[in-house]
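Worksheet: the structure to be examined is printed underneath.
Residue numbering begins at 1 within each chain, and the chains themselves are lettered A, B, C, D, E and F in the order written.
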Amino acid sequence: MNIWRGRHTFMAPFHRGFGAMGGMVDVSGKPDVPRRAVASGELVLQRHTIEAIRAGTIEKGEVLESAKVAALHAAKRVSDALPYTHPIPITATTPRLEVKDDRLVVTVEVKATYKTGVEMEALYACAVALLTAWDMVKKHEKDEGGQYPFARIQNIRVLEKEKG
Amino acid sequence: MNIWRGRHTFMAPFHRGFGAMGGMVDVSGKPDVPRRAVASGELVLQRHTIEAIRAGTIEKGEVLESAKVAALHAAKRVSDALPYTHPIPITATTPRLEVKDDRLVVTVEVKATYKTGVEMEALYACAVALLTAWDMVKKHEKDEGGQYPFARIQNIRVLEKEKG
Amino acid sequence: MNIWRGRHTFMAPFHRGFGAMGGMVDVSGKPDVPRRAVASGELVLQRHTIEAIRAGTIEKGEVLESAKVAALHAAKRVSDALPYTHPIPITATTPRLEVKDDRLVVTVEVKATYKTGVEMEALYACAVALLTAWDMVKKHEKDEGGQYPFARIQNIRVLEKEKG
Amino acid sequence: MNIWRGRHTFMAPFHRGFGAMGGMVDVSGKPDVPRRAVASGELVLQRHTIEAIRAGTIEKGEVLESAKVAALHAAKRVSDALPYTHPIPITATTPRLEVKDDRLVVTVEVKATYKTGVEMEALYACAVALLTAWDMVKKHEKDEGGQYPFARIQNIRVLEKEKG
Amino acid sequence: MNIWRGRHTFMAPFHRGFGAMGGMVDVSGKPDVPRRAVASGELVLQRHTIEAIRAGTIEKGEVLESAKVAALHAAKRVSDALPYTHPIPITATTPRLEVKDDRLVVTVEVKATYKTGVEMEALYACAVALLTAWDMVKKHEKDEGGQYPFARIQNIRVLEKEKG
Amino acid sequence: MNIWRGRHTFMAPFHRGFGAMGGMVDVSGKPDVPRRAVASGELVLQRHTIEAIRAGTIEKGEVLESAKVAALHAAKRVSDALPYTHPIPITATTPRLEVKDDRLVVTVEVKATYKTGVEMEALYACAVALLTAWDMVKKHEKDEGGQYPFARIQNIRVLEKEKG
């Protein structure tokens, strides 16, 4: 019998013996505490795309409300997308979207009273909101060769994290 | 800068009347064509976190293989996360992860023979791989106040898109 | 009658300024209280279909047990189907199905001890049970032109809601 | 009226012996044909709730766009909610929502080029859109005892089904 | 920059250079061919549990029909549970369940016309059907200490695989 | 041996009348208690496949880490796969994988502080880890006729269950 070992990567596990593979962090003993996290991110777009969002002429639908709904959905699905996360009983998700002259800015606040923090929920909801917006404006951002020379997602980060 | 405002955004639908709500783009008449898209993105991390990833001492598990598996999973779940996307029969997903001195770089190539492109699949898989890595190194990136002054996701973009 | 029109619908958000987009209701401060909701609904079917359900000759399988299982599944998936719902730790789902002479009646009771009610869980479980039954009897309800002149779902409503 | 009773329902399987359990209909030999289905349904609401939807003052967000997004999501998830359905590569989903004086009317058209029809996709998308709207206006429809004396979903039916 | 390497485990990838991490097998160039797979498995149970299943006195519901419905559901969800699988448009799933004197035997046949085989679909559907049955008879199989000295799943294997 | 037969199976529900259909066990009144379950299972493989896993030359990726990630994912998805299970807020999932000379052994420990036990979570996570490994080594286990004469999953069982 031999446990999964690889010198560089797994020396430590080797010494820790059976049970070395890690997994989800054990939060069994932690108390339920009010948690709050705010994350944000940006989707850089071309001027004419921003104008179309502002003018409400994006063919697929209303970009901001759609991205918001996708964010609400996403915050509840984090434990399904990110393998090491715990399922968390979210008590509030509040997405905010702003149209700036050269980008869309998404901010998502998530709350829960639980044993572990909700920053991954807020981060993932931001990413999904931005990708939803990108998907809705694909036609406007593609060049004649079908490439996206301009669109990009930037600055997905945690703005605040609170506990207790 | 302007925040989502009813008047600007929704004048147009008013004029378009019933049927103005849009929806999923109708690709019924499009031929099945080989499609390929490559997207990438980066997770900026502190030096000691990068060292821990390289040394294989991240407690939860092997960061690169875990992020890869999460990317494979994600590419198949795009139609569930992004409301306007079509379900696409993906024929290949190939994630690549590199550890640079100050960041993790993820590149994902997705293929399908279908009526619409797979760039959202590649983009979403990148985002999920980066968030999976972030989630695995949370403990290493948080400061004493539980904040993330350093970690951020940058540069999620489409590198290449091919059709036919 | 008026179709979704930008001006009427979105004047208000404009005045409410940033933060006007709403989201999931914040239930963070609410106590965990025993909750119970009962919903029901009906699927109107043709006489020969009802007879086939009673005779156990529906080709796909046993309609009532299948619809029941679909309802159990559905009650646990509400937060995935309805964007503004909270994930709720359901403690009981009890579906009941009756075959009447011209319709199938589904009643679902859901319980949880939580910060918000479970009526959406009961309603959604009813809808899914009825649609599962419809799907199982499609062949019996379609006319020669492949249309459904008779089948329809009626009366999905909340029968009781209890708290505390 | 008769409640689900073993003897009536299951005599037939007994005679059919092993293999009597049914399952998903085998469509392996069927050709890929253009399919289209349109379904609709209604959510009956109180006058003041309708006014709040029209005025854009529902706290959670924009009801029609949110219900539309939920419908798009739902049409892609039918094979996950209804056990006997086949996974179908949907090529278009077009939801329409109308606010009438006493109800919300949802109509969803779904298309696919496949071996089996898409009416369950259209029906399920209608049900989910209506339930999403209900969930958003819960506060407005509940009476002082927390009951829903008025709200109900009616008339979920297939308007048209086309093939070939 | 250094690519993920570990001497024992990853020598080969190291030599293969960047792009060595593998992923979903690329089936882009494969033709759509009729596929069929049959898998089976067994749940060993105590005599009194088998009698209760036969007598229809299991409290949660009808074990065989419930396990069948869970199998239908599972066959469609393989690409969500097993990371390296392709999403496959299943055209038929036919579960069969037999109650023997000391075990439950599940056999599932899955079909598709696609670029890759469906044995994982059949295997996973068997596993889920057996676990569903186990879950339904938990109370009957637990001893006074809450342990399961008897129940076990055996012999999950592929009985047949056909192509073309 | 007897195959699912209406009369035997459903006599009892007939006598129990309305309400006989069962459902999810009502755990509303049960206290939140620390729970722990450990399950294990085995995937029997050919010698050359075991050697390839040990050598790290399986083309799709690292088998043990991938199976581990799939197990983490699975433990969180039990309520979605098994219809009668309750959604449970898992606080820890720890998968262990060992490569023996003729088989892969998976052991999964799951914890939660809840009203009902977590053995189905541990069992399902084992099954999914073993199937993930099987899927990764398919090419190595198939004979020239595309059959699997050797691979099989054995001995999925609950090793320990603790409460309080």
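In this text, a contact is a pair of C-beta atoms (placed from the backbone, for glycine too) under 8 Å apart; a residue touches a chain by one contact, two chains touch by 3 or more.
On a predicted model such as this, the values are computed, not experimentally measured, just so you know.
Pairs A-C and A-F differ in how many C-beta pairs touch across them, and the larger number is found at A-F.
For the pair subunit B and subunit E, the fraction of shared interface numbers is less than half, so the two copies use mostly different residues to meet.
Spacing of subunit A relative to subunit E, judged by their CA centroids, is 31 angstrom.
Measuring from the averaged C-alpha position of subunit A to that of subunit B gives a distance of 9 Å. Centre-to-centre separation between subunit B and subunit F, using Cα means, comes to 29 Å. Listed for subunit F are residues 3-4, 6, 9-13, 18, 21-25, 54, 56, 61-62, 65-66, 68-70, 73, 77, 83-84, 87, 89, each touching two or more other chains.
Residues 34, 56, 64-65, 68-69, 72-73, 75-77, 87, 89-98, 111-113 of subunit A touch subunit C in their complex.
On subunit D, the positions that touch subunit A within their shared complex are 61-62, 65-66, 68-70, 73. Chain contact summary for the complex, subunit B toward subunit D: residues 6, 18-19, 21-28, 30, 79-80, 83-84, 86-89, 115. Chain contact summary for the complex, subunit C toward subunit D: residues 1-4, 8-13, 21-25, 41, 53-62, 64-66, 69-70, 73-74, 77, 81-85, 97-101, 117, 119-120, 123-124, 127-128, 131-132, 134-136, 138, 146-148, 151-158, 160-161, 163.
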